[in-house]
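In the two assemblies presented below, chain A is common to both, partnered first by chain B and then by chain C.
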Partner chain A sequence: MPYHEFKCSECIPERKKHAVVKGEGEDLTSCLPLGYLNTIPGTISERGCAFCGAKHVIGTPMKDVIHLCHGPVGCTYDTWQTKRYISDNDNFQFKYTFATDMKEKDIVFGAEKLLKKNIIDAFKTFPEIKRMSVYQTCASALIGDDIDAIAKEVMGEMPDVDIFVCNSPGFAGPSQSGGHHLINIAWVNQKVGTFEPKITSDYVMNYVGEYNIQGDQEVMVDYFKRMGIQVLSTFTGNGSYDELRGMHKAQLNVLECARSAEYICNELRVRYGTPRMDIDGFGFKPLSESLLKVGLFFGLEKEAQAIIDEEIARWKPEFDWYARRLKGVKVCLWPGGSKLWHWAHVIHDEMGVDVVSLYTKFGHQGDMEKGIARCADGALAIDDPNELEGIEAMKELKPDIILTGVRPGEVAKKMRVQYLNAHAYHNGPYKGFEGWVRFARDIYNAVYSPIHQLSGLDISKDEIDTDNRFMTRQMISDVKIDKEEAAISDEREYTGDYDCVTKLRGKKYPKLEKGDISVG
Partner chain B sequence: MSCELNKKERSGVINPIFTCQPAGAQYASIGIEDCIGIVHGGQGCVMFVRLLFAQHFKDNFLLASSSLHEDAAVLGGVHRVEKAVDVLLMRYPDVKVVPIISTCSTEIIGDDIDGVVRKLNNGLLKEKYADREIHLIPIHTPSFKGSMIEGYDVAVRDFVKAFAKKEEPNGKINLITGWVNPGDVTALKHLLSEMDVDATVLFEIESFVSPLMPDGEAVSHGSTTIEDMKSTANAIGTIALNRYEGGQAANYLEKEFEVPAVIGPTPIGIRNTDAFLANIKKMTGKSIPQSLVRERGIAIDTMTNLIHMFFADKKVAIYGNPDLVIGLAEFCLDLEMKPVLLLLGDDNKKYSKDPRIIELQEKVEYDMEIVQNADLWDLESRIKNKEIDLDLIMGHSKGRFTSIDNDIPMLRVGFPVYDRAGYYRHPILGYAGAIWLVEEMANVLFTDMEYKKNKEWILNVW
Partner chain C sequence: MEDMMKDQVDQLVDYIMKWCLWQFNSRAWDRKDQNEGILTKTMQILCEEPTEHDTPADRCYWVEAVLLARDFKSTYPWISTMGNNEIKLLMNGLKERIDYLTISGSLNKELTNPTY
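For the complex of A and B:
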């Protein structure tokens, strides 16, 4: 067994089977780490809780909803303004956050009355918003408040409002992943089938497991709409509450992040017979294949191909400029869950970078299966890494860059490893053809930063170069490329706008202007 | 025309000003050398607080979790603390101080963290770590009581309680800073050094600002030592700058070890800094040197350039930590400004008896409102309903959209500030802080004038 034992974790034998090295010629039967087990206390793991998995990851990207946490104020405060799930309604979902602010007397006597008053007050304060999600927390779960009953009571008294209840306290599972599951099932149980959406196309899909980080959803939905497909709902980035109640009317569920949202797709398949199609929105090839796959399902291959051709013609020369310069860059791919396998092979195949390690904070063994199957030989795969293991791995592997979250990124920074935000992106979106160029550009900017080069110089010992007054990124990156070959190519640097998303809003799609064809 | 002290009437919170108690205890913990706190609760209670620190400081701080999962939430989770302590100590050989910080969940299920500390002291620590100096300190911070402010206050008190030990007088003063930035500690230490006063600073957080070194080995962590905390019992006196963040520790030292305590004022602005120096002078017998007269003069010179022309009658709303808000309001008054709305983000019963608030109520000649248990909707709704007309907002980054969406300039101040670069580096305390505050206020107002084309030409000849 190719288990990798970290020196820093030799004293905790439970960690022994959580890291593997994918050896040459080995398959998954011999190199799959354990996954999604309870966290070992005190390891300084990077995992979050099931409350944040439900509320922060999946619940809050829903845009036209009052998001109310039933608990002390911290759960609300802490999961507010720490992500970049934008929306086309001026970001109501992350500008406003609501807490019942449970206090000691509520813990002792129960807080159902407080909850009811809060729900009513919140609707009164924002009379234009008629939809609400109420999230349980550790505290309200432990005192046993019946949130469902209160929600029903209010809905009885206020017929124009609709309330969704998510019972996913922080302790419900080893990580945020427990919350993903709970909110998926809660939504399908409570809300799907309670709203009849307008159908305006012969081709109707839901886009599932997509959270509109820096506009990913809007970029992808633009492609689907250009093909003539009505995207009935998105679960949940930039998604609307009522549209998501109408998920049952779609002909297909197109699934992006299977880690966080496969549950609802599977339930919709069982309950409504809607097929599930897994896609990859990252990378020219996977994205092209994904659009073709969706096209094939609806008989819209030509439409899909037309978009692919147009987009690749526009963006490939810009992508190639970066790819030429990223070859051989060593990457630690350390995201939360699904990007582990979304990116494992494609950044290697298309950008030419070498994935020397991958890890997952909250992924399951299934995610590792996909990630390890896709990554190159020799990669170190770690489940539920902790701080010391991450440091040990970076010292050993000496990556040029790690793709991870804000805080682990700071750990890397201090070790002179560049970091790119894998969750919220640096300058995204990263999905879509243009997004893929932006991703490559961001990696390039990080790796070939002149200041980064300077950070390794010890002026007390090393020789100081007094001749060069400055360096550019290109002076650093182009040392290793074939300049003649580059000169005759049609490659160019990125030419897109800083904001490539806002202009998509309000765009007209002639193929979708049929009116409601579900009526009559 | 008067100053009213009100309470938010609406139930619940829309856009909170504070997070909960455990975050305050965690902020105190990272100020201590060789200390890693274990938060006993769900993993989010640590992960998000670490993220918050990383957002504010753009750096990583170490805190651990007992990782409470479902079984422990139902059947009790003290065994998770036992395991967490052992795992932490095995893997971090330098760790000496381990606060065990409770949360809402573990307080509700009644986990006895004091009991488990006793058990570990008599068991694990004796058996396995006999040759190491280790201090386990239970800190009760149920999230449903108080706020991050009280959590910080309780933690400072509990650290002092755990370590303070009567020995020979050390000739120093204790300086309990409250929840401040590294830049503030630098400014305070500068004042003390000019006065030739030696102080034990709780907490030494200048080292939160850490370099990126060629060897890649630097980390951000506080540097207050166990010795520092022990010696607090032997000081000439304690100055706690903030009534609500460190006041309890000062009172404890006075009661237990007869170390005289002076609580406040927070040295924001000229007048409060003067008072701070007067308190030090009184406590130590040291005189205020010419160098500080000069420094104060530079600050006053700076203000004189700005006040009458740009600041007079400007209406300001301020939210954040209570001592900070009150101190800023007092300073604004000296600057001829009109703080019209002060928002205190929790329901501390002591606010209504706070002499500084009573003084505002008694002396302010225009309409001012102070809201207790306030949230940021208390600010935004008053703006939207045209109950107040503001020229400037002062507060932390969580209120950024209130400023952006209502076209009101805002000076970021307090914690957290994550949408401006490097603010943790700059002081708001002392004369240096006063200079920084007025100049930043002015620059924020100037940028707004230019952005809105509101008499922007006036700056041609200023």
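For the complex of A and C:
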């Protein structure tokens, strides 16, 4: 096994089995790190807790819901707005955060009365919202508050409201991934099948494991609707509580982030016979094939192909402008979970960048299997890295850019390594054909930023050339490209709108205007 | 001859590993079903034999198989020069190798977890 031992972790020998280098000729039977295990004491993990995974990754993107945290206010406040999961209802779920604000006296005497009062107060404060999710925390779990009983009591007294209870305290798993699992199962157990949705097409699907980061969901749903497919629900980005109660009525579950939502797809397959289709929404080739797969399933291949042709004709020349300039850029692909494998091959294949390392904070071995299978030889694959390991890897590999989250991203910036937010994005959406151009543009802007170049100079000792300091990104990037070749092509920089999502809202879809249709 | 077949199988394995996701469902029994369903249908399509895709599950396998057969043909033109017997031999070798990499030889400790 080609394990990689970090010098900084020699004092934590268990860490050795959490990093491997994919050597030439290695395959998954000889090269796979351990994964999804409890973080080893002594290592400072970058993971989140199971409460955060349940509430802030999966639960809170549901848009028409009061999301109430039953615990100390810090649990919700410190995890609030950690991802930009926008919605088309003025971001209700994103603007407000709710907590019962448990104190020491509540721990001693119990907090069920406090919870009931908070639930009723919240509904009264926002009378137009009739749906709520209540999330257990470590504190309320340890004192044994019966949240389910309180929710039932309130629903009995307020018949027009519906409440979902998520019992996923912070300690309920090695990482946020434990929370993903628990809330998936809780939703299918408690809510799926309790609402009959309106069916308006012969072709009905759920879009699962998609969280509408900066509009990803809205871009993808636009494609599906243009094909004539009704997206019955999205689990959970920009998703509606009642639509998600009706997930059982779809003919197909299209799964994007298998790490966070394969559980509900698997359960829907077992309980309702709805098949699961995994797709990749990033990159021209994977996205095209994904749309074709969905189209083929419903007999709408021509419709899918028409969209692919139109979108590629519009966006490929702009993507190519960036790809020409990104060739050979060294990337550490260090996301949380699924983007590890969504991006590992396609950013190399389509943008020409070299992935020198990949890691996952909370992924399972299955995620590493996908990532290692897709990345090039020589890549360093790390499970649940700590900050010192990240620093050591950056010093050793000397990447041009890190695609990661805010916490390790700030560490990278201090080391003068550019970082792009792989979780919440910089200027997304990154899904869709246009999104892929925006992603390439953001990588380009980071790698060739003149400010970044300047920040490497130390005015106390370096000789500063004051005559030739004016630089643009293109002056830096174009040094290495063939100018004649670039000049004769129709490649150009991104010309899309700053906001490419809002205009999709309220758009008419002729193929979906059939009215009510009954399906099995 | 054997070396050539091994090389061809390796090329197809590389393609699947890089561009597909279906072989990585999270449990061993699930991977077995996926590999069997999709690779059998891919073989049938490459051999221009009829495929069943009436049930939702079969339809999903069929969709993956159609795309895979198309990609194989466009990426590896040598497939189109093969007779049906050769294709079947090749696809059997491919399935054996994918089963080994994703199930019997896999280091993934979650594959045998009895629940999801």
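Assume the second predicted complex is superposed on the first by the 509 of 520 C-alpha atoms of A that agree within 3 Å, B and C clash if a C-alpha of one lies under 4 Å from a C-alpha of the other, contacts with A are read in each partner's own complex, and residues count from 1 in each chain.
As a working rule, a residue touches a chain if its C-beta (ideal position, glycine included) is under 8 Å from a C-beta of that chain, and two chains touch if they have at least 3 such contacts.
Please read all numbers here as calculations on a predicted model, not as lab measurements.
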{"item": "Contacts of A:Gln251 with chain B and chain C, given as first, second, both or neither", "value": "second"}
{"item": "Touching partner for A:Thr274 - first (chain B), second (chain C), both, neither", "value": "second"}
{"item": "First (chain B), second (chain C), both or neither touched by A:Lys83", "value": "neither"}
{"item": "Which of chain B and chain C A:Arg374 touches, first, second, both or neither", "value": "second"}
{"item": "Of chain C and chain B, partner touching more chain A residues", "value": "B"}
{"item": "Partner chain(s) touched by A:Glu262 [first = chain B, second = chain C, both, neither]", "value": "second"}
{"item": "First, second, both or neither for A:Arg314, with chain B first and chain C second", "value": "neither"}
{"item": "Touching residues (chain side chain C, partner chain A) in the complex", "value": "17-19, 21-22, 24-26, 30, 56-57, 59-60, 62-64, 66-67, 71, 100-102, 105-110, 116"}
{"item": "Residues of chain A that touch chain B when the two form their complex", "value": "8-9, 11-12, 38-52, 68, 71-82, 91, 95-104, 106-107, 114, 117-118, 121-122, 125, 137-139, 141-143, 169-175, 387-388, 405-408, 410-411, 413-416, 455-458, 462"}
{"item": "Chain B residues within the chain A interface of the complex", "value": "10-16, 18-23, 36, 38, 41-45, 47-52, 54-55, 58-60, 62-70, 72-73, 80-81, 83-88, 90-91, 103-105, 108-109, 142-145, 147-148, 210, 212-219, 347, 377, 381, 397-398, 400-401, 405"}
{"item": "Contact set on chain A toward chain C in their complex", "value": "27-29, 32, 34, 36, 185, 251-252, 258, 262-263, 266-267, 273-280, 285-286, 289, 292-293, 296-297, 341, 345, 364-366, 369-370, 373-374"}
